[in-house]
Structure formats: C-alpha cells, structure tokens
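For reference, the structure discussed in these notes is given below.
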Amino acid sequence: MLIGKTCRLGRRVRTYSVQHLARLFTSSGNMAKSKFEYVRAFETDDTCLRNCYIVVRLDGRNFHKFAAQHKFTKPNDDRALGLMGRSACSVMEELEDITIAYGQSDEFSFVFKRTSTWFKRRASKLMTHVASQFSSSFVFYWKEFFGEQPLLYPPGFDGRVILYPSNRNLRDYLCWRQADCHINNLYNTVFWTLVQKGGLTTAQAEDRLKGTLAADKNEILFAEFDINYNNEAALHRKGTTLIWEKRDETVTKCMKLLNKEEKDVPVTRSRRRVEAYHCDIIGDKFWEEHPDILEDDNC
Amino acid sequence: MLIGKTCRLGRRVRTYSVQHLARLFTSSGNMAKSKFEYVRAFETDDTCLRNCYIVVRLDGRNFHKFAAQHKFTKPNDDRALGLMGRSACSVMEELEDITIAYGQSDEFSFVFKRTSTWFKRRASKLMTHVASQFSSSFVFYWKEFFGEQPLLYPPGFDGRVILYPSNRNLRDYLCWRQADCHINNLYNTVFWTLVQKGGLTTAQAEDRLKGTLAADKNEILFAEFDINYNNEAALHRKGTTLIWEKRDETVTKCMKLLNKEEKDVPVTRSRRRVEAYHCDIIGDKFWEEHPDILEDDNC
Amino acid sequence: MLIGKTCRLGRRVRTYSVQHLARLFTSSGNMAKSKFEYVRAFETDDTCLRNCYIVVRLDGRNFHKFAAQHKFTKPNDDRALGLMGRSACSVMEELEDITIAYGQSDEFSFVFKRTSTWFKRRASKLMTHVASQFSSSFVFYWKEFFGEQPLLYPPGFDGRVILYPSNRNLRDYLCWRQADCHINNLYNTVFWTLVQKGGLTTAQAEDRLKGTLAADKNEILFAEFDINYNNEAALHRKGTTLIWEKRDETVTKCMKLLNKEEKDVPVTRSRRRVEAYHCDIIGDKFWEEHPDILEDDNC
Amino acid sequence: MLIGKTCRLGRRVRTYSVQHLARLFTSSGNMAKSKFEYVRAFETDDTCLRNCYIVVRLDGRNFHKFAAQHKFTKPNDDRALGLMGRSACSVMEELEDITIAYGQSDEFSFVFKRTSTWFKRRASKLMTHVASQFSSSFVFYWKEFFGEQPLLYPPGFDGRVILYPSNRNLRDYLCWRQADCHINNLYNTVFWTLVQKGGLTTAQAEDRLKGTLAADKNEILFAEFDINYNNEAALHRKGTTLIWEKRDETVTKCMKLLNKEEKDVPVTRSRRRVEAYHCDIIGDKFWEEHPDILEDDNC
C-alpha cells in the first residue's frame, strides 16, 4: 500500500503565471464540472414501494473461515453472538425507523416500519448504511467481547433489501429465520456433542446424523448424553430479537428553586432504548405483548 | 444494551417428554421452515446490466460532525485522507474485479470491470459488500493513521450503484469527481487561508469568497499570501486514484539442490498490488499510461 | 411502404453445392445462434412484488386530436365511451385474473388480484398484453359503436404498472380516478353548456370558469340553465366500472336418455361474465355489495 | 357485455338543494382528489439506462391457434408476414426514434437509438406504446392483406424491453433473431415439404427430422424434392428488416409567379420513408451500406 506516495505524473509541476492559472482552473473547474455532470443522469431511482415493510438482511462473508481463524467455540460462540447483537443495536440506534431486528449465527435482519421515509426509502442508501454501520460497529466493539484476543482482519458482510406488504408476510419472514436458527442449532448441538462428548470424528458425526429427523436428534441428546435440548441456552435456540422499549429512568437534575438556589433533584423521565430478547417470535404471544411493532395492514 | 439478558418469555421453560419434543420440533422445525419459505419469493433480482462498468460510490454520513469531533485539521487532514485510501485499498484487495478507485474528501468510488461476474452482478450484494468492507477497514486501520487519538464512535457510509455503458461515460464520471475535488479544494484552501493566515472570521471569509471565480481565488492566494495553488499537495488537489500494478518482487526461497542440500536462493516473481496516484485523470495521459484499466467499447 | 420488395443484397443469389450449403448453414444456423444467444442475459427480471394488487392503467395517445378528427360530441361521446368499455371488457375476458377495471374519458385501469401469478407477475408482459389487447379490440369493435363512420388511423395507448400493497391503497387509487372523472366532467359539462347553450366562445367560457369551485359550477348549471348536475348521465359522472358476476343461464343441451334416445333439455348453469356499472365506488356501499373483489389484507 | 346499463346503485338519484350539492361536490371533488392523490407516489421510475440501445420485442399471443383459425398457409403465410411488416411500419412512423426494426414469424423487434429521449426513456411507456400501436395497426390493416377473409377476434401481443450498451451487443441481438429465423424456416420448409409433397404425416415428418443437422435438411430438400433452399423466398429465409431511407421525391406544387399568375411546377424534395429489406443482417455488408443506423460506441 503506497498511500501518500507522489505520483509520477504529479511530479512534473510547472510554474504558471496567474493568467495561465486562471484559464486553467476555469476550464478544469466549474465549467468542466458542469460538462461532466451529465453522468448523474445514469443514476437510477430505487425507491422502495410505499406501505411495505423494508427488511435489510446482512450475512457474514466467509464467516466459516473467520470463525476458524478467530477460534470461535463450537457449536456457538457467545462472544461472537454478543458482538453481533451489539453491532445490530448500534445500527438501530443510528437508524431510528428500524422497529425490530432479528439475528442468529452470522446474519442479522433489520425491519424498517412500513411508513418510513428514511433516506426517501431509497433501497441502496438503506442497505449500504445498515451494512456500513454494522461493520464499523463490529470492529469498534470487538474488544468489549473478545478482550485481548486481536481481530486479525476487517470482516465483511453483504446485504439485501426485501419488501413485505403485509404483517403476515413480515411475521412469516421472521418465522422463517427463527425456524432456520432452530434447525441449524439443533443439528449443530447434536453434531458437536457427538464429537466433543461422544468421541466421534466430524465425518462420523455427519454420517450418524444423515437422514435423522428433529425427533431423532432430540433422542440422541437425551438418551446418550442426558441433555434436554429445551434447556439449552435460549440465545442459541431462539436467536436474538431487538426491539425498542420505553423505560422510566430516574436521573438527577440540577434545578433552580424559587429562592434562586440550585439543588440536585431526582427526575423521572421515559426513554426509548433497545432491548434484547431470546424468545419465540413464531407464536402470537410475543406480538401480543409488543403490539407497537406492527402497523395496521389496511392503511 | 441488554444483550445476553434472558427474556421474560423464555424463562418459563417447561419440561417435555421426548415424544412431545419430537412433535414440537418437527412442527416448528423443517416442516415449519418450508411453510414459511414462500417469503423468499419476495426478493427481487437486481442484476446489473451486462457490458457496463459498475461504479459503487460511498459517502461519509455526517462527516462534518465526525471531522469536528475528531479534530481534523483544516482544510485537509492527511491522516483522514490516508485512512480513506487505506480502507479503499482493503476493498480492492477483497473484491478483485475492481480495476480503479477514486477518492476525495469523505467519498470513494470503486469501478468494477464491465465484464465482471462478481456476485452475479447483483447490485445489492456489490454495494453492501463494498460499504461493509470499507467501514470495517476504516475502524480496523484507524490506529495506523491516528495513533493514540481514539475513535469516538463507529462511523457510517452510504453507497449507491451507477452503471456506465461506455469508456467515455466512465471517464467522464471520474472527471466529474476530480473536478469536484478541485473546486472544493480550491475553495477550502482560500477559505481557511483567509481565516488561519488572514485573520478573518469564517463568516467574513465566506462573504469575501461569494461570487468569486477560480481565477479570483488563485489571485487571492497568490497576491495576498504568496501561495501558488499549483504547488499545494497533489493529494489535496487531485485526490487519490488506486489501480492495480504488476511489480517484480525478489523473495528469498528455500530450494532443494541436486545434491539434496537446501539453500536459500533469491527468486523474482511478478505480483499485482494496489498503487496510489495523486495525479490528473481528466486528460488522456493517465489513461494512455495505464491502457489496461479500460476495456474495448465494442465488445 | 415497400413490404415484399426484394432487397438489393438478397438479389445476388449464387448457386451453391450441397457441401457448401451444409457448411454455410451450419455456421449461420444452430451454431451461430448459440454464439449470439448470450444477448438473452441482458433481459432483466421485472417480477411484480408478491401480495400486491397490480394495476395497469392505459391512456390514449393524442386523443384530443383523435377526438377532433373523429368528430366526438362534446363534452362526452357515448359511442367512444362505449367502445372504451367494450375494449376493456375484451381485455378482462382475455386476462382472467383481472377482478375489476375502471375507466373514464380516454383512460382505463385494470386491477389484477394480489395473488395473481399470470405471466409470472412480469410487469412488462402484463402491461404490454393489456395495451395490445385493448388496442386491437378498439379497432376491432369500432364498427359496433361508430357504424359507417370510418376509423381514420390506428390509435395508440400507453400504459404503466402500479403496485398497491393494501386494500385501502387500491380503493384510494380507484377513488382518485373517479374523483378525477367527477372534476373533469363537471368542468366540461359547464364549459360546453356555456358554449353550446349560453353562446359563449370557448375563450369566454374558460374565462368565466377560472377560479370557480364545484359549488359555483353547480350553481351556473342550475341557475342559468336549469340543469341539475346530479341528473346527468351516470356514465358521464361516474365513469365505467367492470367486474365479474356470476349469472345463472338456462341453455338447451342435447342429452342421451336411458333408452338411448337423444333429447334437447334445458340446463341451468352458472357463468361468470363481465358486468358494467356506472356508480359511486368511493363510498363503502359498492364494496360491501361486491365483497369478492378485494382479498384479505393480512394474507 | 352490459356497457351502458344503469347500475343499481346509481338509480336512486335524490334531489339535492344547491347548497347540499356544493358541499357534496366540494368534498367528493378537488379536496377529495387531493386526499387520494398520495397513491401516485406508488408509481416507480423505470427510466432506461442512458447511452444504451433500447429494444422492444413483441411476440404474438397464442398465434399457433390464431394461424390455424385464420387458415394461414404453411410453412409461411405471405399475407400474415406482410401484415406484420405493415404494422411494424406503422409503429416506426409513429415513434420516430426507432432506427431499425426486424421481424420474422409472429415476432417483431424495434430498436430505439441509444440517445433517444422519447417518453423520457421510460420503459413502460415505450413498450406499451409499441405494443398498442402495433396491435391496433394489425387490425386496421388486416383487410389490405386478407381482403374479404374476416378477422375473427382481436389478437394480442406481449412485449419486453432489453437494453444493449454496445453496437456489437445490438448487432448480436439482431443476428440472434435472424439465426432463429433461419433455423425455424429451414426446419419448417423441410417439414412441410415432407408432408405436402412427400405424403408423410406430420408425426412421420417430425420423426424423420429428429436429430438432423442443417446439412441433412438441405440434402433432403435437394435430393428428394429438387429444391435448393437458397432459392426460397428471401422474405422467408431472412425475415423483414425495416429502416429509414431518404428518397428524392418529385411533387407538383402550385407556385405564384412574379407576374402573380399561379402555375403547377415540379419540385424535388428529400423525404424519409420506411423501407423493407429481406437480406442478411448478420454479416458486415448491410451495416456498411447503412452506416447511419448505429451510433458511435464511445459517446
């Protein structure tokens, strides 16, 4: 990397008269700029259809390799999952029209409210900003979760935008992701138990699990290793759901009294903050308990 | 931020029989997943038109504030410009189909070759990956350029994709950005000279420059401050252009000789690496000296 | 127009040996075709977002001139409105997933049901087929409405696709078009009454109406010409709404009796057919009376 | 079809006072319209990328059935091909930015010049207008080609838009269509010769041709039926290419002479008109002879 190096072309700096400079800069300046500005017309409009939920989903790039190089524990690394959640939280705090986010493994989905006008609903702006904020946060907060273990290189995530016209569609999207979390985590839990506690090689474990159903996997855990899958950590089984919640906070504020003295008094105020849940979002319960996340369909 | 907190819903863990579990997991597992999978059909195809250059441009979010909070020097902060270039270089090394990148101020443009099939030319993947890699690199390499001065929060960039069908269009795009660099830098140079050396307030400086042409600004610099704008740093006047270059490198390699002894011998090999230029890319010279960047129009 | 003329290049037909022909045709035949087939990859996917109503609206091209040249009566020509409706009906019969169509003046809107998979929901196919079928029908049925008055040239219509995610949005779209019908028809009715019965020039009539509200226009009609606008033809005030309705039809069918004789017997069967309404579709009444047009929002 | 029928809802016309009417119409008029106008924001921008050729291709809908019902001759019906060409010509005369059109069988492609700003390059407008004009022309000119044989029903065409960034791409697109014409016509020619002159059933003919190459097909024609395929009509082998050509026309014009007498004098003027060719457009010859069709790539 040679940033800062003088370029060969730039080296031959001639001395100009002021008159010459004037001409030169006029022609290569504003006038030239307006001559080139036609290229702006090649930009296309990618406004998201109104009245639809906008979902941005990020996926880690080559995270299999990233996990290996950073010695993530198997089948789940709580530091990595915590960092993913922390980065997602940073995204939500930056882009306030996100009402709910859901993450598992190396992916995170962010849902903008259907009436959002953030970035004029331009898909490219929304997804790049989410990808950017998430990625810079991932590096920024690394130390909070991995302590002295160094980050070896800057990781990458890619993203996409998907629109959902109805509450049912949006909920089914989130169900899909949580069902995916469940399937993968059940598999990974049995697989690594067979390897770590059962002494199988990874090839043997893979072979053993070929063609098994969920019930079979649960039975292997229960019968052979006395593990009740349902007692496994909710974080691993259910993933992470982030939503905004109003909290009453008591803060100390300096108030001027009637007699003009100043005094510290406790003041209660309501603040929105991001809260994390590791619970089922497939059933109705979660949605009944948080009725503000979804907006009326027929609007 | 409550990442890791157990959720209220998740707390009430009931004990299931294995039979019950089997049913439960089957229904909320693979079968449920396939029931929800219809939501994938809502994804849209955003493949970039073939045989066009794909440009991804990133712009800093709220970098005016970011610069102030991190005490960037005015009118240009070489540490910040270096970090921008370093991050762009990291993007190029990660996405090899980028043939040229150009940056100035808080923006950077990346040009994918017109025949690229990276990510199947999917616009969303291309721009989010660029935005992500750039942002994580910006935090990752911060220390290299800012030393002990801490990064206060993770910065954000947004991006967009623009397609250019011809070499002329692409060159004019890059001309447009370099002309913009020139106009802004000339203005900023005079403005901050008037403030820093001329003792004007920022309001006075703004007033002084209202309605001036490039020639007028050059004359202020030359006549009042004895500054020949053309002698200012090329990095500031021309921005940063990154391209791939082949270099012969001599490395020492351990070779087995005929008599089975091992010996360290010097070996020359050709390697592609990213090089930075701070030169004019508006004229033909640069393009004539690097004929590999553009591809034939009529292909 | 020289369709059928032999082209200069084609004239010089040489006589080939069969061997030569074989080579020639192989190279300019299948092999050549596959060599060129890469151009298919330039087609883009324009699938309409799922679970949204797909509206195709057609507008007459230069119908002001078309109306003048074909001596349409002012302010409304019932023959032309009838022909528009007939052509729209032809479109609905051809594309069965259209559940409702609304037309006024020289425009017609067609609504595909939100779950339609017609043409795989490809926007270009949907709108071109509608535009094509409407236009060929317009010429085909001309005689039914204009009798011996000849059609002077083939008319053109252009179209567009708009997606609506909710029932409210779709109904508001139709309200928008019917409100437009009302505003224009009220204006045109007063305008042409002032000209045809009031003896004003068109310039004077335009002047007279400048700045008037709906109430003023109604009063002009009522006070000066004894016309109650509400008694004007519903076709003009409300436009044309086409929907599918089930009707019981009694048809005579030839049946084979037990004794193997054949006999004509009356058979009642239910048939879907397009029906035209000229009524208010802004209020709830129409929608309550035809509950099948809209689908459930939360699906 | 009940166009013109009074609708049930519309029948119950109440008599209003003028005051009531005023209120009513104000609320259901302009104000109401503006309340609904938000639905316009759901329209999306589908501007075609600048500096690309815009191709609109139309295909007949169910033309197999259409051909059978209208007793088209096999393998080619010159009346139908003539009507297709006539309709395409009508499209070109209406949309002047089309520089070349190519048709074969029941399809026709129209090429807009790369710098066209017709309809602001909006894809939906371009393709629907082409589809509409073509279809109305097809019915309008039917009689010119089919005489007293009636058109049984209005036919439909669907269309699509494809963008090509370079001259090579555009030419390859046209090559692809002409190669397709060749392959299909050679097959159809042999197939129907086997049936019509060879006395085979269609199933036998199909069987006979299974797996044959172009050379084999030529040999069947030549050896068994003494037909040199190359002597078949160019219209069938090469399809129809329409371009604009300048022609000098001599018209008689009434001129006022110096002595104020009027006199008819012959005047020569240059006029653009659409010309049809049935020649090879795969090779360079056609393009060299008509250099104005393609524009410079590097613009």
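Each chain gets a letter, A, B, C and D, in the order it is written, and its residues are counted from 1.
Everything below uses one rule, namely that a residue touches a chain if its C-beta (ideal position, glycine included) is under 8 Å from a C-beta of that chain, and two chains touch if they have at least 3 such contacts.
Note that this is a predicted model, so its numbers are computed, not measured.
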Interface with more contacting C-beta pairs, comparing A-D to C-D: C-D
Label of the chain whose CA centroid is most distant from the centroid of chain A: D
Chain centre separation (chain A, chain D; CA means) in Å: 50
Whole-Å gap between the CA centroids of chain C and chain D: 20
Touching two or more other chains - residue numbers and ranges from chain A: 42, 44, 49-51, 163-164, 169
Touch list for chain C against partner chain A, complex: 49-52, 163-169, 297-299
Chain B-touching residues of chain A, taken from the complex the two chains share: 1-10, 13-16, 18, 21-23, 25-26, 28-30, 32-33, 36-40, 42-44, 46, 58, 61, 78, 82, 85-86, 89-90, 94, 119, 123-125, 127-129, 131-141, 151, 153-164, 169, 172-173, 175-176, 179-180, 182-183, 186, 213-215, 217-219, 222-223, 228-231, 234-235, 238, 240-241, 273-280, 282, 285-286, 289
Parts of chain C lying in touch with chain B, wherever the complex brings them together: 41-42, 44-45, 47, 49-51
